[in-house]
Structure formats: structure tokens, C-alpha cells
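So that we are looking at the same thing, I have put the structure below in C-alpha cells.
Think of it as A, B and C in the order they're written, each chain with its own count starting at 1.
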Amino acid sequence: MTAITTNPPSRAGRAFRRLAHHPSLLIGSGIVLLMVLIAIFAPLIAPHDPYVQDISRRAVPPVWYEKGTWENILGTDQLGRDYLSRLIYGTRVSLLIGFSVVAISGLIGTTLGLLAGYFGGKVDTFVTFIVTVRLAMPVILVALAVVALFGGSMWVVITVLGLLKWDRFAVVVRSTTQQIRALDYIASARTAGASTAWILLREVLPNIAPQLIVIATIEVASAILMEAALSFLGLGVQPPLPSWGLMISEAKSYMFFSFWLIAIPGTALATLVFAINLAGDGLRDMITPERS
Amino acid sequence: MLKPLLSVRDLRVDLNTRSGVLHAVRGISFDVAPGETLCIVGESGCGKSMTSLALMDLLPRVARRSADEITFDGQDLTRRRIAGKLRGRRMAMIFQEPMTALNPAFTIGDQMVEAYLYHVGGTRAQAVDRAAQMLEKVGIGSARSRLGQYPHQLSGGLRQRVMIAMALMTDPELLIADEPTTALDVTIQAQILRLLKDLQQELGLAIILITHDLGLVSRIADRIVVMYAGAIVEEGTAAEIFDRPAHPYTRALIDCIPQPGKTERGAPLGTIPGVVPLLIGRQDGCAFRDRCSLAQPRCADDIPTQDAGSHHWVCIHGGQA
Amino acid sequence: MLIYILKRLGLALIVALTVSVIAFALLRASGDIATALAGEGATPESIAVIRQTYGLDRPVVVQYFAWLWDVARGDFGQSFFFRTDVAGLIFGKIGNTLILGGASLAIALALSIPLGVLAAIYSGSMIDRAVTMFSLLGQALPSFFLGLALIMIFAIRLRWFPASGTDGWRNFVLPAVTLGYYITPPFMRLVRAGMIDALNTDYVRTARAKGLPARRVVFKHALRNALVPVVGLVAVQLGLLMGGSVVVESIFALDGLGYLAYQSISYRDFPVLQAVVLLLSLAYVVLTLLSDIINAWLDPRLRAA
């Protein structure tokens, strides 16, 4: 055999090549990244102020309709606000809520899962019980009720969804931690006298990180959809904030005449969630070694 | 020799892998006569299991089969329709893992009668009678009540007996047994082997036994095919192979068999040093030469097949070299 | 087995009670119900009257146990808004939600089983990819958007089905399609993964070796085993189904439990809301138990345990 010397590919190069093998991850994360950029630079991109009403220009159709104008590319809503600008600002609401909810629920779920999986015994029994209680609670109803009682605002929505949606994190982290705990190097770290907190944070957590990232993507998508559903039902984000779910809700009574008022934010919502799930799927394929 | 029951000419099995095409079986040819036991022996990875799966058309999806000829009783097995009629009817197969080869969700009886009803027909009651009869034939007592049991309620040895009984339901002429005793305890192994031998005599069954265990082969084989790296390196009657092994690989395999009286208690069992070559890409010359004590430079060239009657081997050395 | 079931039933009860405590605490912590009930501009006197009528002047713990005691006797109290018996109210609407849920589940299974099997048989092919895309799309389409789109197409343009109401079976078609497609993706993924595993098992190879036709191998030997986890998912999906039914029933103005729950939240009709929450959490735990029992029945290896 002749040994062929090659330069080991750089870390970034390797990561990129792996990415290229997973087109769904590439496409999904590409769209998400684009949406994030749109959200960040919304004030620069949006052609109009999303809150300014113009009663004389109500429900102008998008530019591809006969009566559409380039002034309002996606038309205006029933209050004469520029629809494209509202759509762009709506990206902010969706993404902010999606990521904030997962930050809270991920923290709660991971902590519970780590404790249950690592300590087992009574701790595990207790955590399993509260997970069951949580699963038995109808999330939408509880979320709707809380928003109805405490008043709708973005922060109430984020808090209530964050406090409700930690179950998947807890379940997966618990079982993964159980598996990792049984491994040799954790046992040797224990006998070497490492503190529990150190073991959990430095040994266990990095090892469950891939699964955590996959769940997090699924949960971001789910939180975005849930916020949209709450806002659609009138018990989420409150007007005049441009949330896509709220935009659909506000357009509901006009749907017979101007269905695009519903189709545009609906498509945006579906595209964002689709892209996040696509990226999540690709990530899962990438981190789980092939079956065959 | 009688008109062969099964004829195989230039059988090849290729598997697509990430690192290239793996030639698991590299153009092998052999015959099986009615009522005879042919043993295909070799180390794991030599292509013997792939050969048996190829005959039954059970290869995994990544594998491709090609052959100049595969005929069963004169009928072309490479044609799907013909193979479909023969498989499970006139040729049957049993596998290595009796623990997983039976479906956990259905009773023994259900799984035994289904192929019979499909191929032979008749009423369910007739099929159940036949199943009970077959279970008794393979030495399972209280057969009727066993039919209502699920696989997990039986031991490994019993399950392999059930597998054999199930294979015999349609009264096949050929039974392909892929390592049928490897997963079993030694005492059970002997029982199953004895059973196969008895059934063969009683039913006039031809058997292809795939195994890595030459000790097993010595007790049952009429003829033996030795495979190495996807190719046949030696073929002959049991007497020829055991008394006058011609290929160095065959001799090395025979030396690995522990022999009562000769092999010292606790002494390490013989092993063949080195590893099986990679099966990806072409193989020029003798594939065994890297592990062979008799290797010479010309082993890298084309190797002629030598014959002595029914005894063939692929090696540059003569019979008793 | 019996002891196991009893134990699980006990746990189910404790879980449902815990949920009801949380729900109760949440509702009472949210401010003064009496003030809310009396409406704007009510005099302090009328608020006091309301407080006394509904027993809201007692400590919260006392209120909870009083409520629990009533519930134990089958009395869910009076609806603030509808001014009728809560039990009767729920009983009158639960049928519609069960029909909707059953129809949606049937649609989801009718879609996911054949598509999942197809994707598994041809895994890695274009068919597989198309099925995966279809399922990802189902996950991404908000049910209210899909519902409104279906109304636009099939109720307004084509006039095949009514847009709202609860008059006959036609009213259930569009909601059931909306909700069914919404819960299809998880089933499809599970069927696909289970079938890929099952098709690679030794017992499927045995079935093929027996010369059985491909249909029988796939549908009898592989599918039977691949469907075992699907039963478990049905119970877990109930939550999703219920959440979805709140949204879907309000879009289509379908007179079911989800719509009632939504109304009870809008009108601060706490007795109704509490009863619905308790009922749903009970249903969840009981269904999970039921799915475990069915699983044991489907998988003979678990039956003895």
C-alpha cells in the first residue's frame, strides 16, 4: 500500500462538507437565516411604517392584482397599513417568541431531565410524575385561559408557553442522561471526586447537546405555531402588534373579498415553520449515524 | 452422478458500499444432487451466507445477483415467476438466529400453516393436522398445544426445531440451512444435527448446509465446498476433503478442529493467522497467499484449477504438497 | 395484570387531581372573579351579592374542596354564562367533539399508514422524499390557515360543504380534514420508521423465504409489528387533537367541547372551564393506560408481564 499524504481538512471545511451531504439542513437553515436577518434589519427593509393607518388606502390588493400598485407591493390591510411592512415586522414577533419560549422551556426541561436521569430513585419518580401531570394538561386551553386572565402581551405569551412546553426536553434529556450515566467515564469522574454539578455540566450536558439542539428546533417551530394559534383566537399578542397569527385573525372577516390578506401571512408562517423543521430533520440525520 | 437438483453456474453477488463495489461472491459454480448433503464451509465474510441468500432471492437491497445459470430441477430460478413458485414450496430455508427468525406477534401454528395454505391449499384443519404431525417429526412433544404458543414461550433449541418443521411443511426437496446450530448450546447443536440427518434419510431431502464449523461438516456432509474470499477454493466428497485436503486453506481449517484425545485439554484452539482480504475491487491471483505458509511469487498470477476425479482445487500446489 | 391496572388507575386519579388543583389555583389567582362577573360599572353591593351567591367569599382551599366534593357526586356546578347545569352542557357537546376527533384520527391513519408503508418500502427514493415533504408540510401549515383555505375553496367557491354550523355530517368533513392532516405527520413518521425496522428483521426474511407473496409479507408480518407503537401515539396525540379542536371548532363554529372551552375562556365561565380541564386530563391518563393494555395485547411478549 502506498500511503497518500493529504492535509487534514480544516474544521470548517469538514463541517461544510458534512452540510453538503444534507441538503435539507442546508435549505432549511438558509431560509431560517434569511428570516432572522429580515427580523433584525426590519426597520431598514420595510418600505413603510407598519403601524401607520391610511383610511383612504384600505385593502389595496397586492401588485400582481389588477388594482395593485408598487406603492404597496403586498397591498394594505383593512386599516390601510402597508402589508409588506407588517409582514416583515411580524418576522420579529414570531422569531422572538419562538426562541424566547424555547430558552425558558429548554432550561426547565433540561434541568428536570438531568436531575431525574442522573439521580434516579425518588427524584426520578417525582420528575416522571410532574411530566405526566404536565402531559395531562391541555396546553392550548391552559395557555388561552392564562392569557385571558392576565391579559395578552408578548411577554405573557412567552412566559406561559415557556412554562408549559418543557415536557419533550425533560423526557429526552432524562433518558439520554440515564444512558450516559452508566458509561465508564462518568463513573471514573465520580470516583475521582468530581462534584455532581461539575459532572452534570461538564460531562453529561455536552454529550446530550446534539439531541438538545434537535428538540430545540422542533420546539421553536411548535412555539411559533402556538403563538400564531393563540393570537388567531384573540388571546395572544394584542393589536396593533403585527403578529402573523393576529394578521390572519384580523383578516378573517374580509376573507370573502380579499383572501390574500389571509394567504400572505399564512404562507409566511408555513414557510418559516417548514424551514425550521426541515433544518431540524437534517440535523437529526446528521447526528444519528446511519442505520444500515 | 445423478441429474442435479440444483445447478449453479458463475454466481456473482455484488454489494454497493460507500467505498466501492464489494464483490461478495465471485463467480462460483456447484451442483446439488437429489438427497445429498452439500456443505459450504468458510470463515465469516467468505460469501457463503450471501450464496445461500442469493439462491433464495433473499439478498438485501444493496446487493445485486447475477449468474449464467441457476436451475432447480431444470427450471430457471433467475426468472421471478418460477422462483416464486418454487421458493417456500420445493426449496425451503432455515436461518442462524432461531430467536429472531420467528414473528413474535403470531403463534407457532399460525406461522406454520400459512405457507402450506398458500402453496398447497386445502382446509385450515388439514394444515393444522399437518403442522402437528411435522412438530412431532422434529421431536416436539404435545405438538397440538405447542401450536397455540408464541415464539417467546419456547427455548432456542425448540424454536430451531419449529423452524425446521415449518420448512418441511410443504415437503420440499431442498433445504438450505444457514448456520442452523451456531446460535445454540453445544448439546442442542448435536441434537439438531442428528435431526437434520434423520430427516434427510427419511424424506430423501437434499440439504445445503452453510457453516464455518468443519467439525459439524465431518458428521453430515456427502460433499463439501470450501469458500474463501468469495470464491470456491476446493470441492470434493467428504472423504476426499478430510483424507486428502489439497488446498492449504482447507488444511488450515481442518487443523483448527479440536480432536478428542489429540488436542490437549486447555490448549489454545488452532487459528489461521492473518485476516480475510478486503472484497472491494478485483482480486488477482490466489486470495489466500498473504496468509499461506506455502506462498510463492507465482501465487500472484492466475491460478489453475486442478482436478482428481470429483475432487477439484484452485492452487498451484499438487494434491499432497 | 389486574393489580397493575388498578395501580395505574390510582395514578391516573392523582394526576387528574393535581391538574385540577393547578387549574383551580390558576383561575383563582387571576383576580377577583366576582368583579369580572359583575361587569363594568357594577356597584360594590352587587359584587358582594355575586360573591356570596357563588361562595367566592370563602378561602380558596375551602372552595376547592367544596368543588371537589360536588364533582365527586357528579355535580359540576352551574355555568356562569349559560346559566345551566355544567354536566348537561358538556354532555350535550361532547358527542360532536368525539365525532370530529374520531373522523380526524381515521383520516390521519388512512393517510399515514399507506404513505408510511410506501415510504419505508422505497426508503431513500423519490417516493420516500415526497412523503417526507408531505408530512413536513402538514407540520408547518397552521390548522387555522388550512381551515380558512378549505372554507374558501370548498365552501365558498365550490359550495360542496357548509362553512360552519353543526347540522349534519357535511359539517364535519372540512373540520375533520383540517384536524386530520394536522395530526398526520407524527403518525406517518412512526409508521415509516417502524416499517423500515420491521422490513429488516429476520422474521420478515423468514416470511419471504416461505415464498409468501410480497403483499402478505408487508401487511401481515411487517405492518403488524410496526403498528404496535402507533397505538401508544394515539393516546399521546389526544392532547394535540384537543388543542387542535379548540382552534378548528371555533373556525368552523362546530358546536363541540373545544368551542365550548374557548367560549368559557372568553366569558370567564370558570365552572365550565374547570370541568373541561378535569375531563381532558382524566381522558389523557385513562387513554394512556388503555393504550398500554392494547399494546400488551398486540405484543404477546408483554402479555405475561
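What we mean here is this: contacts are C-beta pairs under 8 Å (C-beta built on N, C-alpha and C of every residue); 3 or more make two chains touch, one makes a residue touch a chain.
What you see is a predicted model; the values in this text were computed from it and never measured.
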Chain pair that, of all pairs, has the most C-beta pairs in contact: A-C
Farthest chain (mean CA position) relative to chain C: B
Chain A-chain B separation of Cα centroids, rounded to whole Å: 55
Whole-Å separation of chain centres (CA-atom averages), chain B against chain C: 53
Computed distance of Cα centres, chain C from chain A, in Å: 23
Per-residue multi-chain contacts in chain C, two or more chains: none
Of all residues in chain C, those that touch chain A in their complex: 11, 15-16, 18-19, 22-23, 26-27, 30-31, 132, 136-137, 139-145, 148-149, 151-152, 156, 196, 236, 239, 242-243, 246-247, 250, 261-262, 265-266, 268, 273, 276-277, 280-281, 284-285
Sites on chain A touched by chain C in the complex: 129, 132-133, 135-142, 144-146, 148-150, 221, 225, 228-229, 232-235, 245, 248, 252, 255-256, 259, 262-263, 266, 269-271, 273-274, 277-278, 281, 291
Sites on chain B touched by chain C in the complex: 56, 58, 84-89, 92-93, 95, 97, 100-106, 114-115, 118-119, 150, 152, 163, 166
Chain C residues within the chain B interface of the complex: 201-213, 216, 221, 224-225, 298-301
